[in-house]
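To keep things clear, I will list the structure first and then write my remarks on it.
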Amino acid sequence: QSKDALTIDLSGDAATLDPHLQWDTNSYSIYRNIFDNLLTRNPAGEIVPQIAKSWKYTDDKTIEFEIHDDVTFQDGSKLTAEDVAFSINRIIDPRLKSPQLTQFDQIAKAEVTGTNKVTMTTKSAYPALLAQLVKLSIVPKAYVEKVGDQEFNAKPLGSGPYKLANWQKGVQTELEAYGNYWRVKPPFAKVAFRTVPDASTRLADLKTGKADLISGVTPDQAASMKSETAIKVLSAPTERVGYLYINAEAGPTKDVRVRQAIAYAIDRSALVDALLAGYGNPVNIVGAKPIFGYTDKVEGYAYDPKKAKALVKAAGAEGAKLEFLTSPAYNRATIEAIQQMINEVGLNVEIASSDQATFLKRRQGEPANAGSMAFGAWSCACQDADGIIFPLFRSGSIWAKYKNPQYDALVDGARVTLDKNERLAKYEQAYQILKDDVPGIGLYQAFAIYGANAKLNWTPTANEAMFVTDMSWQQ
Amino acid sequence: MEVSPSPLLTVDSLTIDIAGAHVVDDVSFTVAPGRVMALVGESGCGKSLTSYAMLGLLPPAAKRTVGRIMLENTDLARLTERQFRKARGKDISIIFQEPSASLDPLSTVGTQIAEAFRAHHGASKAEAFEKARQMLVDVGIPDPDRRLHQYPFELSGGMCQRIMISIALICGPRVLVADEPTTALDVTIQAQILDLMKKLVAERGTAIVLITHDMGVVADIADDVAVMYAGRMAEIAPVHTLFREPKHPYTALLLASVPKLDHAPKADLATIEGMVPTPSEFGVGCRFHDRCPLSTDKCRSQAPPLFDCGDGHRSACWHIDRMAEIREVGA
Amino acid sequence: MSEQKHVLEIRDVAVHFGGNGGLFGKTGAVVKAVNGVTLDIVRGETVALVGESGCGKSTLSNTIVGLQQPVAGSVKIGGEEVVGADRKKLNDIRRKVQMIFQDPALSLDPRSTIGATIGEPLIVRGVAKGKALKERVGALLQQVGLRPEHADRYPHQFSGGQRQRVVIARALALEPDLVICDEPVSALDVSVRAQILNLLVALQKRTGVSYLFVSHDLGVVRHICDRVVVMYLGRFVEIADRDTFFANPKHPYTKALMSAVPEADPEVQRSKERLILGGELPSPAMIPSGCAFHTRCPLATEICGRERPELTVRDDGARVACHHA
Amino acid sequence: MLTYAVQRLIQAVIAIFGVLTIVFVVMHFSGDPTLLLVPPDASAQMITELRHQLGFDQPLWVQYLNYLGGLIRFDFGQSVVQRIPAIDIVMSRVPYTMMLAGGAIVVAVGIGIPAGIMMATRRGGWLERVLTAIVVTGQSVPTFLSGILLIFVFAVTLRWLPTSGSGDFASLIMPSVALGALSMSTFARMTRISIIDELGKDYVRAGRARGLSMGSVVTRHVLRNAAIPVITIAALEIGNLLAGAVIVETVFAWPGIGQLAIQSIQSRDFLVVQVIVLLISFVYVLTSVAADFVYALVDPRIRLAR
Amino acid sequence: MNNALLTTRLRRVPISVMIVCLILTIIVVLAILAPYVAPVDPSKQNLLGRLKPPGFERGGITYWFGTDDLGRDLLSRTLYGAGVSLGVASLSVVVSTLVGVTLGMVAGWFRGAVEIVIMRLVDIMMSIPAILLAVLTVAVLGPGFLKLVLVLGLTRWPRYTRVAYAQTLQVANLPFIKASELAGAGAARILFRHILPNIAGPILIVATAEFGLMILMEAGLSFLGLGIQPPAASWGAIMSVGREYIERAWWIVAFPGACLFLLVFSVNVLGDWLRDQLDPRSRSR
């Protein structure tokens, strides 16, 4: 196929193309092709260099990066250590009001400490630092300072394989290959990311050839695509974990037996087989394989409605009303299925759906008002348990409706431990505590599912990124 | 009296049903070109329905069951809607009884008059308006240029009536059906309109069917008079004969009800006792029998046919010979 | 005559149309439909209002009952001012006055049965309801020559004359003090007309109702009225008692009117001499200077075009606005 | 006339101001966007900080005054999500919205009114039955369904039209049909009923009596008399089409205001919502003023002010 | 009323209207009796029996309408959904008609300050995106059936107001209204006895159109997670689920869709007939 262009349907437009502002999947999918990051992950999920050639910790809080010197921005100017330091300092500058600031707030500062050398200091020992830096794009200092933040957002300029050709807001973003890209030759001359919010329409686009690759395919769609020859399903297990939060601080679920009953009531494999059509793996913990800290040593709750009923009875909670918070952002069928499963063991689950903002306000607010349970699909895009169970269950965190000092000590400790094995051990213990206390239940590891033209070569990865350089037409 | 030429309009045993009753029953008359036939009768006796039937515009509730309406030799009822449309307004046109309701409230009167002309002559808008202006002058509406651009609600009742007249006359119809055309007009303008009609009759040989309650108007313009009662023809006669010598009790009593000049003001006027029967009460006999001073058993059981009394005078009464008794009652 | 007995007092009423310019500046001229008229009607009196079509009779009628706002003047019914009255006040005043409209077809609600229409004033004034109402409506229908069972029918099921009688029945239902009759009998055949006129007279004798009677039929006017007012282009040109009026009409327009009345006798009618009015018909948008009638008047002289004659009292009590009569 | 127009304009400004105020208060009342912006692992303290940076921790009236202050200078503020001026975001969608609304109006009026006329004048015929079926279908098939059905039939199966997109005339057809269908039904039925209401009147008979065909009577007289409810509906539908196209725009990937509105509401992108609301209320108020004038134009008996 | 009259009246009801009434009655009765006539619990899931076609049999139960994406019986859900859809639609239409028409007539009749206040309020209400109001009501009050009716009623009444207002402006000028005023009829009487019947045609059109629309709006809100809360069903909600499976499982949209079509059709026919009843001219046809 001599097609020189690639068209990708995304569910939405990029909110911003300034990589230091919004970080949502659609924005990320697009601007990640315009910018290079300091670090990245290889297909196996390991953290590997990108703009940084190498790095070393000088002490617990200081890390020194060596920068590639053969990288140029798309305007031809050279990428230097200045740019790297600038990028780091820019994102942590409160004046930028970056929503991503929260991910980098452990960084105190970055300085140029020699040709191609940048030294970064963190506020405390921070083992997740590298995982977070995977998300840091390098922006050209001179250009940003010249045009200002707003113009930079409209006409971004990076050192990545593609440069912005035309951004029709809400319609599509067209990129064109940057010929002098330092790593590889970009495989397509042009790439267009179209905004197609409706999944059925994206599939129709793919079928008619209007799109070559579509994101956000539902498991049911994937199942039905299998019979077609011109298109194919691409999928990859991700770090995203489907889980059920259970309020351990208020309502009927304050009783641990009720929480355990819920855990016994859920038939994970039925969920995965029927609703996910196999595009998911059951998990026992709130975490999936690709994350650091994942363990299969913690035994989960097997599906056992009898035991569940007994527990409900023991807790005297038969017919207790449980409020199941949700929003349209979450898969309705999954939620209804869970509701039914829990109802069957003698509880009375009522779904309370509201829009996402209201949902978050309740979910993150006072325990008394935070419902009895909610479904979630979590990814911190850092592939680290710290990014999952810390915010979810550490007391004081906005998501946590759970308090256990022992657990808090473990996850706090893991946060500042650089030694891998020590951290792993801590997380294993933490997961064990979570299993016993059930402030939440891991349900399954989610898959990223894409639909593609049968002639497109691409292997999606666990981090849900769409690197165009990894794609190509079959010869 | 000269022998009338062959009739232009022939209404032949027209019968109209509403809800199963013959509201108009077996009505026949003819009008020759250049003649004026006055149709008089009790309010609600079916005059307007008859006139709608002549134009093929009966309301949906009413059905013409029997009878023909001939314009010269064409049976109007046999025409297709398309052919009939071409005839309406040009061959036969009508002045409706309630003018304000019959004008489109949201079109200027000029448009409505001109439209009638353009429908048949395909004239340009300007020409048609010029013609309409002329019509307004003819019917005596002052300041025609301004009036043409006014809406019906801006005109007085009499003016609306004259607009209706203009619409009916603008194409110079061969037959004109005028349903109480001058009720809203003062006598000077009424005279002017009647003169206009007379001119049409004399110059173009238009045949007019004039429905009116004003015996003065009948006396002024009609050549023949047809008197209807409860949907039936009671009497038809040349105008002089009718006024001098009515041969139907109803006609006689009707004429007696006209206020006389010597009548004492506010003293009771003569009326006809009783009420017109409703269609459901129409019996087999004479429909006037229960109000008629001459009524006998025969009247109750048998409907009188139209008897010919000579000189074009016909009357539907079993007791034409006893008419003198009525005149005594009336006096 | 004491003031108290005046059912209706009209003072210098003027009604104009247009001028403030429609919607899209299609201003046109101001139509001075009624142009400063003054009239009193006492209890039990019938005043006829005659005049050329379009001279402002209906407009004046509408103004009296408060359906039209005058630009100047005052209208009092039973001593209460109509002009500028608010809804509530008007509603009170309207207990005393009713109107028979000129267009029966348009003044009947097509979606109400005529029984409901005639019964409406009785219901809203709390006069009758239920069975009594039905009977009252039936009686009214009978009085105007219709039948009680007609009460269930809708306006479109009636003939023109029948509709006119419905309108009359509605106006008479409340037995008001004053009835404005705008051409009440023009669509009726002579025998029904006689019946209605008898009814009006009987009612007057019984209740002392006053009528303002707009009509073109001078025979009817002569029969029913006590006083005659002649209107020409928005002004009164002659006011006289009936007998004086018919015996000795004075204004040239009145004379022309009289001569145009058709006689209900073909011999007489066709041999009659008529006084034909020549000249341009003036428009109410451009009322001629001086005497409005001078453009058509056989007696007109130079002064008529210059000075407007006022109504002046003549020997026999008639008031006439003419320089020469 | 002029005074009326001025009065009406002042009222319109007050109404728009009212809308802006209500929406402002109510939007803020329902929570701010900070929670939606931050990554899930953000700490409470970080959220507070960002909220402070974005200014959402100020008292409502301060935020409101700031907003008004900006408005006076024609500064509509910046989107917290996209970080560009809210007015630019909305304006970039306006052409698409106008295209789609225009297309839908063409469908709704172009089919609806003639269909209504046919249904009124051909009562009892087969044509009426067919049209009734179409009209009822238009009314009872939800847009989210009709949209996807159209795509499957005309784009995927027949390949006559593009599945989605916003580039050309071809891609405008299906969204216009899907969006206009419901309005089309309303127009058709409203036209039909208004005409039937008029057909019984005497002036129709009078029109035919002067030699006009039923068709000419309808087009020249009845339509105008029947126009007022249709005009009312038109004014309502125009507002509706502008704002109500959420689902159609989503299904056909049409980048209009409706889609933007729902996204902005959901992401609590206040200032963008405000601009959209401003635009919609502007259009709506304008059409309603226009409708009021047209009433008086169509029916000279209607006085604009009493 | 005597019997003869009754039968003649009945005989005059056209057959189409009778059929339509029958359909409506059946739908209403089934909606009310859903708990008794539904073959199975409408929220009983069976993840292994999902998306089965009509006529699918399992465990001695025949799924006449097939099953949905959670293996629930579509027939039962459609039956239960009828109640919700009908309830939401009729309640919200009744509420907004009552409020909207009254306000519109009052504004058109009294004019002046009342008119300005009401009509500007209408402008304001119409300018606020309905979806915003919906989101907010749910945010503040939480989801639920009555709140849904409230939201729909709240956002839709201005439409009726505008229609009623415009029609009142026109009708108020007709002579027969003046005549009624003269007869002494007060505002209430004129508005409800004379103006209302004469403007009922357009209002009935809006109301019947809205009736169908409300069912669809509820579906739209369900689509956004703001409508009736699962597992309760409504036709709209079932269809919005079904659209995802339109190729694989047409029956999910087809059955509730057909019911909706029938309902809207019946309401339209009935509305038209009602209007004819209010118009004596077409009634005596």
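The letters A, B, C, D and E name the chains in turn, as written, and every chain counts its residues from 1.
Quick note on the criterion: contacts are C-beta pairs under 8 Å (C-beta built on N, C-alpha and C of every residue); 3 or more make two chains touch, one makes a residue touch a chain.
For each chain, UniProt lists the protein as follows: B = ABC transporter ATP-binding protein; C = ATP-binding cassette domain-containing protein; D, E = ABC transporter permease.
None of these values were measured; they are calculated from a predicted model.
S.K.: Count how many hops through touching chains it takes, at the least, to reach chain C starting from chain B.
M.R.: When the steps are counted carefully, the minimum from chain B to chain C is 1.
S.K.: In this assembly, which chains make contact with chain B and also with chain E?
M.R.: Chains that touch both chain B and chain E, as defined above, are C, D.
S.K.: Quick one: which chains contact chain C and chain D both?
M.R.: Where chain C and chain D share a partner, that partner set is B, E.
S.K.: Please tell me whether B-D or A-D has the greater number of C-beta pairs in contact.
M.R.: A-D
S.K.: Express in whole angstrom the distance between the two chain centres, defined as the mean CA positions of chain A and chain E.
M.R.: Those two chain centres are 43 Å apart.
S.K.: On a C-alpha centroid basis, what's the spacing between chain D and chain E, in Å?
M.R.: The computed centroid separation for chain D versus chain E comes out at 21 Å.
S.K.: Approximately how many whole Å separate the CA-defined centres of chain C and chain E?
M.R.: Once rounded, the distance between the two centres reads 51 Å.
S.K.: Counting only Cα atoms for the centres, state how far chain A is from chain B in Å.
M.R.: Averaging C-alpha atoms per chain gives centres 91 Å apart.
S.K.: Provide the list of chain D residues touching at least two other chains, using ranges where the numbers run on.
M.R.: Expected reply: 30-31, 148, 152, 200, 202, 265-266, 299-301.
S.K.: For chain B, write out the residues touching at least two other chains, lowest number first.
M.R.: In chain B, 59, 61, 98, 101, 153 touch at least two other chains.
S.K.: Can you list the chain A residues in contact with two or more other chains?
M.R.: Counting only residues that touch two or more other chains, chain A contributes 200, 355, 357-358.
S.K.: Which of the residues in chain B end up touching chain C in this complex?
M.R.: 40-44, 47-48, 59, 61, 97-98, 100-101, 140-143, 146, 149, 154-159, 161-162, 179-180, 183-191, 194, 213-220, 222, 239-240, 243, 253-255, 257-259, 261, 263, 265-266, 268-272, 275, 278
S.K.: How about chain E: which of its residues touch chain D in the complex?
M.R.: 111-112, 116, 119-120, 122-124, 126-132, 135-136, 139-140, 159, 162-163, 166-167, 169-170, 173, 201-202, 204-206, 208-209, 212-213, 216, 219-220, 223-224, 236, 239-240, 242-243, 246-247, 253, 257, 260-261, 263-265, 268, 272, 275, 279, 281-282
S.K.: State the interface residues of chain C toward chain E in the complex, per the touch definition above.
M.R.: 65, 67, 87, 91, 94-95, 98-99, 101, 103, 106-112, 116, 120-121, 124-125, 154, 156-157, 167, 170, 174
S.K.: Report the residues of chain C in contact with chain B in the complex, numbered from low to high.
M.R.: 17, 26, 28-29, 50-54, 57-59, 102-106, 145, 147, 149, 156-162, 165, 182-183, 186-195, 197-198, 201, 204, 216-220, 222-225, 242, 256-257, 260-270, 274, 277, 280-286
S.K.: Sort out for me which residues of chain B touch chain D in the complex.
M.R.: Touching chain D: residues 52, 55, 57, 59, 81-82, 85-90, 93-94, 96, 98, 101-107, 112, 115-116, 119-120, 151, 153, 164, 167-168, 171 of chain B.
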